[in-house]
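You will see two complexes here that share chain A, one where it goes with chain B and one where it goes with chain C.
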Partner chain A sequence: MASLQSLDIKQRSATTTSSPSVRRQTEVSKLIDVSKCIGCKACQVACMEWNDIRDEVGVNVGVYDNPPNLTENSWTVMRFTEYENTEANRLEWLIRKDGCMHCADPGCLKACPSPGAIVQYSNGIVDFVQENCIGCGYCVAGCPFDVPRISRKDNKAYKCTLCSDRVAVGLEPACVKTCPTGAITFGSKEDMIEHGQERIVDLKERGFQNAGLYDPPGVGGTHVMYVLQHADRPEIYHGLPNDPSISPTVSLWKGAFKPLALLAMGMTALGGFFHYIKVGRYDVDAHAPDEEHEEEVR
Partner chain B sequence: MTNHWSDIKNTDLVLIMGGNAAEAHPCGFKWVTEAKAHNKAKLVVVDPRFTRSAAMSDYYAPIRTGTDIAFLGGVINYLISNDKIQHEYVKHYTNATFIINEKFELNEGIFSGYDETKRRYDPSSWGYELDHDGYAKVDETMQHPRCVYQILKKHYSRYTPELVSQICGTPQDAFLKVCEHISSTAAPNRVMTIMYALGWTQHSQGSQMIRTGAMVQLLLGNIGLPGGGMNALRGHSNIQGLTDLGLLSNLLTGYMTLPGEKEQDYEKYVAARTLKPLRPNQVNYWQNFPKFQVSLMKAWYGKAATKENNWAFEYLPKLDKQYDVLQAFELMGQGKMNGYICQGFNPLASFPNKAKIIHGLSKLKFLVTMDPLATETSEFWKNFGPYNDVDPAKIQTEVFRLPTTCFAEEDGSIVNSGRWLQWHWKGAEGPGEALTDPEIMAELFVRLRALYAKDGGAFPDPIMNLEWSYRIPTEPSPEELAKEYNGRALVDLTDPKDPTKVLLKAGEQVPGFAMLRDDGSTACGCWIFAGCWTQAGNQMARRDNSDPYGIGQTLNWAWSWPANRRVLYNRASSDAAGKPWNPHHKLVFWTGDKWGGSDVPDMPPTAAPDQNVGPFIMNAEGVARLFAPTGLADGPLPEHYEPFESPVPVNLMNPKNPKAFSNPAARVFKGDMEAFGTSKDFPYAATTYRLTEHFHYWTKHVDVCAIIQPQQFVEIGEELAKEKGVKAGDKVKVRSNRGEIIAVAVVTKRIKPLDCGGVKVHHVGIPIHWGFKGVARMGYLANTLTPFVGDANTQTPEFKSFVVNIEKA
Partner chain C sequence: MNGMIRRYTDSERINHWIVAILFILSGLSGLALFHPATSWLAGLFGGGPWTRVLHPFFGVFTFVAFLAIMARFWHHNMINQNDRKWLTMMGDVIANRDAAYPEVGKYNAAQKLLFWTLVTCMILLFVTGFLFWRPWFAQYFPIGVVRLGALVHSLVATVAIIAVIVHIYAAIWVKGAIGGMTTGWVSEKWARVHHPGWYREVTRR
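Moving on, here comes the complex of A and B:
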C-alpha cells in the first residue's frame, strides 16, 4: 500500500526523515473476541475479495483450517484448536483469526532495510509498501508472530494491511464489516479496550476465570487485540506467543549496527546474505512448527 | 419460525438441538450472541458432534443421532415429575384438560388403529370425547385418567433418565444438566427458544421430533412469548416461500391441501377442511377455508371459475397418493414417469441413494433442468471416473439445460425463516442467455397453450382457461405476480352490515385476508400473503427499522405473514386475564377495551379475556395440542423409534416388539427395505450435514468458497481412528449398503464414542458439499450412501441417521 494522503506516516523503515505531526489522528484497533468467533471464515473471504487476492484451491490436510497457513494470498486464516479443559471437564473448540497484529513496536519495520518498504501510520496501522520492498525477508525474521509472507510471484512481502485504504476513508476493515456474529469489532484503541473489558466480565460470569485481553506489552501493545477465554495461556490458541518480543538479532541490527546501515554497500551485501538464509529456510521450515504444535494440542 | 430472527435476542435460554445454527445459519446466529451479550442468555447444545454451535455454548451434551424423541420425552418426564410446568399456561392454552376417546391405547410402541399390511394408522380412536353439542369434554382439574395431561404423564413416565441415557448414549448427568437448564424456563418470566433445522426434519420420525420439542415448549409456557417459540431455521433461501406458495405436491397456496381421489365432490372437499369449533367461543380460523379457496380459484381461473362449476373444482388434480420426490424417483425407476422438469434443484446430489436416482433419471425420455449452474443432475449421464461411473452409451435420456438467473439477478421477494417477505432488487443482469424462472415457465406455458388451441387434447380446459393477463404474456413481472398473490376486489365490495357503504372498489388490492369472500367477488393467489401489496403499495419493500418497544419488533420493516404479525400465537404472551407474563418483554396484552402491544395481535382485537377465546386460533380447539387427535400419520404422541438403519440391535423403548423398532407408519418402497444395512455389517452411526464454508452444492462453483474448504472430508473420533489405523489427512473409504465414497479423514476430539445400553456407538460425520461439477476438488456425492426412506408425514428423507463401515483407503 502506498502512502495515503489522509493517513500520516509515523515511522518509515530505514529512514530518518521526521514525520508529519500537525494532524490529530486516533489510534485504532481491531478487537477479535475469540469467544464469539464461530470460525465461519467470512473474514477470509472478505479479505480475499477486498484485496483481490486468491490462493489456489488447495487440499484438506485433515483439519478445518483452510488454507492451512498464511500465505501472500491469504492474509488472514482461522486457526482451530481442540482443547480439553481438564479443570472444567469440558471440550473447547478455540477458533482464532490469525493475521498481522499491527504491533505498536513493529519488529518487521525495525528489521526492514529498505527505505519506506514498511511504514507505520499515526493511527497505528503497520503497512507494507510493495513497490519499495526488495524481498529480503527480514520482516519475516523480525515478526514475533510469523506473519509476513514473501510472494513467489513477485518476491515481495505481503500481509494484512488492516484495510488501511478503507480506514483512511472512514470505513472499517473488510473482515470487521462482514463478521456475522460481531466477533470482530473496530474502533479507537481506547474504545476497543473498554469493549474488551465488558466482554471479559461476561466471560468470567460464565466460568472463564482467566478471561482477559491480549495486548502484549513486549511489542508495545498491538492494534489487533484478542479477547481470550484463557488469557493466562495464549499458547493454547494455536501457538499464540505468550510474551512476544522482537528478536534480539533484530534489536542488535537496529542498535549497534544502525550507524553502519548508512553504508549502502555493506548493507546490500549483508542483505543478500540474509536473504539467502532466511528465504531459503522459510520455505522449508514454515509449516514444521505448526504441525508439531497440532500434534500436541489436537 | 413461530417467532423471528431478531426476537431471539429476548430469550433467556437458547436450545440448539436438531440443528447447528452457528454452522448453517451464521448470520442468524448473531441473535444468539446478542442474547448472550445483552440478555445474559445461556446457550445449550445437544448434538452427536461438538459443533461450531457447541463451541459457543455454555453447556453441551452429546446424543446418538436419531434418538431425539427419547431425549425430549425424557425432558417431558423430568418436567412433569419435578413439577417444572407453567401450570396456568398448560391449563388455559393447551389441550391438557381435554378428554380422549376410550378406545385410544398404546401397545408395545404401536398406537391403536394400526394396519400392518398398509403400514398406516386409522386415527379415529385418537379423537376427543365429545358432548351433545359436538364440543370436546374437558376436566379442568386434569385428574381424569383419560385427560391429555394424565395420558401424557403416563406415556412419558417410561422415558426415565436411565433409559434415555441408554438409548441416546448421553451420560445421565449430562442429560439431567440439560433438563435443569430447560426447566428453569418454567417460571412465567423466563423463556427458552428452540432453534432446530434439518437435524430434526431429516429423520423417518422427523415431524414427531419437532412435535416433542413443541410439547416441551408448551409445558414450559414458552410459545407465543418474545424470546420463545419453535424456530425452524430454513436452509435454502426462500424455502419458506416455497412451502407458503404450496410448491409441495399435495398443497395449494397458503397451506390449503389438494383433494384426494376420493374427494370428487366439492361440498365434501370443502366441508372436510372447514373445521367446526371444538370448544365454545373459539375463533377456529379454518372456518374461513371457502373464502381462501374460492379466492384462489378466482385468481387462477378468473371468469371461468363460477359458482355453477364449483369454482372450477374439476380442474384441480385429485391425488391417488402423495407425489413427493421419493415417490417421483420410485415412479421413474418403474418406468411410470417419463419426463421430469427439474427447476432450481439438483436431485442427483440432494436425494438419497444416488444409484437409485441415476437409475430413475436414466429411464426418463427427457429431463429439463432450470438452474443458474451446470448441476450434477444435468450431467448425470456423463462419466466422471469414480465420482460418477456411468456408461453414457447406455443412457438415452434427452437432457435440456435452461440457464436461469440467480436471486441476485432478479427483483422479487424472499420469505425468511421468520416469515418476513423482504423485497429485493437485482444487483446485476444475468449472464449469457439466462432468463428468470417466471420467463421460462411463461414461455413454456404460452407455447403449450398454443398447442392445445391448435390440436385440442384430452382435457384442455385447465390450460386454456388459466388466467394469464400479464402485460407481456411471456414475461410476468415480479410486481404483477406479487400483486396477484395479495389479491384484489373483482367487484365493488360493500359492507355486509351496510350495503350502501363500499369498502373496496373493483380492481383495488385487498388490505388483508379478512376482506376475502367465498362468493367469487375477490381473487387472491395466496391468502396468507394478503396484505403484502395493498392499495398503499409494496409493503415488502418497507425499510423502516424503528423498534419502539426495544424488543426487535420492527413492524415497518418489510412485511410478515400473516397480517404483518411477527410472533405467532402472541396472545399467549399474556396470562388468562390478559396481563403480560413478563412485564419487561411485553408483546400483546389486554388494554381494557382491546388487544394492544408491540405486535399485531393474534386474536380478534376486541375479544375480552373473559370470553375465553384461546390463543391458538388456527386450531378448532382454540388451544395448542399436547396430544394430536388428527393431523399426524404416525401417532398422536411422539414415541421413540430407531432410525431405519440403526447401530443398535433393539429399540430399548419397546424391546419386545420388533414391529416398533422403527417408525411403523413410514412408507418404504419395495426393494428399499432390502437396501437397508444392519449394524452387523455396518457398525457405525453416520450422519450428513453442512459446513459454514459452503452452501449445499452451489458454492463449490465459487472460487473463494472452494479456497476456504477445498476438498471432501469425513469426520471421525480419535478412538475410532486409532482402531482403524487412520491419521488426520489420510484417505478413508466409507461404505453403506448402497455405495461407497472416499474422502480425507478429519480426526477429532469433537466426536466421542457413546455408550448406548452397552453398545459402543461411534459416529461418522459426512459433510455433503462436494460433487463432480464446480471449481472445488472433485468429490463423491454424499448421498451415494443415504437410505431411501422419509418421514411418515412429510417424506423428508432420513439423511441424518444411517449406518456405515469405514476403512483406510
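Moving on, here comes the complex of A and C:
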C-alpha cells in the first residue's frame, strides 16, 4: 500500500514536485457537537474495532479519561472537564472527543522529512503512510494539537486517519457510524459548517451566548470541527488551543531556512571552485623566494 | 627527513581523520533528514529508518572525537594582536599576494576562527541533538524545547558544514597542507612561508 487514494493527493511530505492530483474530491469534515456528547466512549470502541488496534489495559487514574492520553493504539480519547460556570451558577461537564483535527495546513506534513510518509488527500484528510515513516518524530514537533504518537514497538507514527479507508469507499468514519446521540456527524465541509451553524443558533436560544464553531483559521481550518458551548474559550475544553497555528519555530525550520541553507552550502563550494579557477593554488615553490636556494645561486 | 618538518604526530592525524570521517557521515545523514532535495542521501545509510537510527550516533561519536582534537589544539588557537592585523589583510591572502603579513604561528587567524567556529558548533549540535533524539530522549523535553532544538540544530549544522567546506577548500588551495595532515610532514619552506612563527619555534629546539 502506498497512499490510499493515489490520484487524489493534494500534498505529500518532503516532496517538492506535484503529487498525482487529477481527481478533485469534495472536502469532507467531521463535526463533533460537544453539547450532544454523553461521554459513552462508543467512538473509542468503534475506532479500535474498525482499525483493529488494542491498547494496553491501563489503570484508573481517578478521572473518566481512559486511556488518560492519546497513544499509538488509541487514536481518539474522550477528554472530560468539570467546568464551573460562575455566570450561570452551574457545573458543566464538558466532554471533548480528542484526536487528529486534519488541518488544511498540517504542521505534521510540513515537518516530516520522509518523502510520502504523510499525505493530504484532496478531500482534506491527512493520513500517515506508516511504511514510509522513519520514526524521527518531527510530526510530533510540527503538530499544534499534540496528536501524533510514535509506537515504541515499531517506531512508526500513528494517529486518527478519519477512517480514510472507509471514506474512500463512501462510508462515514467508524466513530460517526456508532455515535448514539448524533454528536458526531460527517459530510462535506460545507454541509457540516451549515449544520454546525444550526446547532449554534439552537444553543444560543438555550442560553449559551458564546456558542460557536471551532474551525481555527490559523491552520487554514480543520476537517474535524467542534461545536462548542463556549467557543470564546476553547481552552476550557481540556486545553483545546485558542488560536492554533504551526509554531513559528517549525515554520522557520521547515520553511524559508531549508532551501537557503542548501543554497549557502552550494555557493560556498562553488566559491571555492571559482577561486581555484581564478587565483589557483598557493604553491610556496612558485611564490616566495627560497632563501637557501638563493644563497646557492649566488 | 631532509628539508621536512614534522607538523602532526601520528595520533593527531588519526584523530583528525576520525573526526573527518564521522563528520562527513553525520553531515550526509543529517542532510538526508533536512531537505527533500537531499532525501536520497538516506539510501547511503540503508534507507530512512536506518538514517534516523544512525545519525545521532554518528553525531555523538563525532563530538567525542572532536573533544580530543579540541584539547590537543586549544592552546595553538588563542587569538592575538597579530591575528587581528592578519584578518585585515584577508584580501591579499585570498589573492595569493605576498604582502607584509604579521608573523603567523602554528595557525593563521582564519584557521583559528575556523577552530572556534567548529568548537561552538560541535557543542551546540551535541546539546540540541539530544532534545529531539527519538526514541530515547525527545519525550523528556517540552514541545517548545524540542522545536527550538530542531531549529538550532539545523542552523548550527549549516554553519558547521559551510565551515568544513571552507576548511577542505583551503587545504586544497594551500599546496602542501593536505600532505601535512596525511603524512605528518611539511617542507621547511612551506613552514617558513605559511607559519614563520611556528617555524622559528620548532627549529630553535
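To be clear about the criterion, the second predicted complex is superposed on the first by the 252 of 298 C-alpha atoms of A that agree within 3 Å, B and C clash if a C-alpha of one lies under 4 Å from a C-alpha of the other, contacts with A are read in each partner's own complex, and residues count from 1 in each chain.
The criterion applied here is as follows: a residue touches a chain if its C-beta (ideal position, glycine included) is under 8 Å from a C-beta of that chain, and two chains touch if they have at least 3 such contacts.
Small disclaimer: the values here were computed from a predicted structure and weren't measured.
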Exercise for review: Kindly classify A:Lys36 by the partners it touches after superposition: chain B alone (first), chain C alone (second), both, or neither?
Suggested key: first
Review point. Counting only touches as set out at the top, which of chain B and chain C does A:Val59 meet: first, second, both, neither?
Key: first
Practice item. Kindly classify A:Gln44 by the partners it touches after superposition: chain B alone (first), chain C alone (second), both, or neither? Key: first
Review point. So, A:Pro113: does it touch chain B (first), chain C (second), both, or neither?
Key: second
Review point. Is A:Thr181 in contact with chain B, with chain C, with both, or with neither (first, second, both, neither)?
Key: first
Check your understanding: Where does A:Arg206 make contact in the superposed view: on chain B (first), on chain C (second), on both, or on neither?
Key -> first
Exercise for review: Kindly classify A:Ala88 by the partners it touches after superposition: chain B alone (first), chain C alone (second), both, or neither?
Suggested key: neither
Exercise for review: Going by the contact rule at the top, pick out the chain B residues touching chain A in the complex.
Suggested key: 22-23, 26-27, 29-30, 33-34, 36-37, 40, 50, 52-56, 58, 60, 692-693, 703-713, 727-730, 744-750, 775-777
Check your understanding: Along chain A, where are the residues that touch chain B in the complex?
Key -> 35-36, 38-42, 44-45, 48-49, 54-64, 66-67, 74, 82, 84, 90-95, 180-183, 199, 202, 205-206, 298
**Study point:** Of all residues in chain A, those that touch chain C in their complex
**Key:** 14-16, 113-115, 117, 132, 134-138, 140-141, 146, 150, 152, 155, 247, 249-250, 252-253, 257-259, 261-262, 264-265, 268-269, 272, 275-276, 279-285, 287-288, 290-291
Review point. Which residues, counting only chain C, touch chain A once they are in their complex?
Key: 32-39, 42, 47-49, 51-52, 94-96, 98, 132, 134-135, 138, 143-144, 146-148, 150-151, 154-155, 158, 161-162, 165-166, 168-169, 172-176, 187, 189-190, 192-194
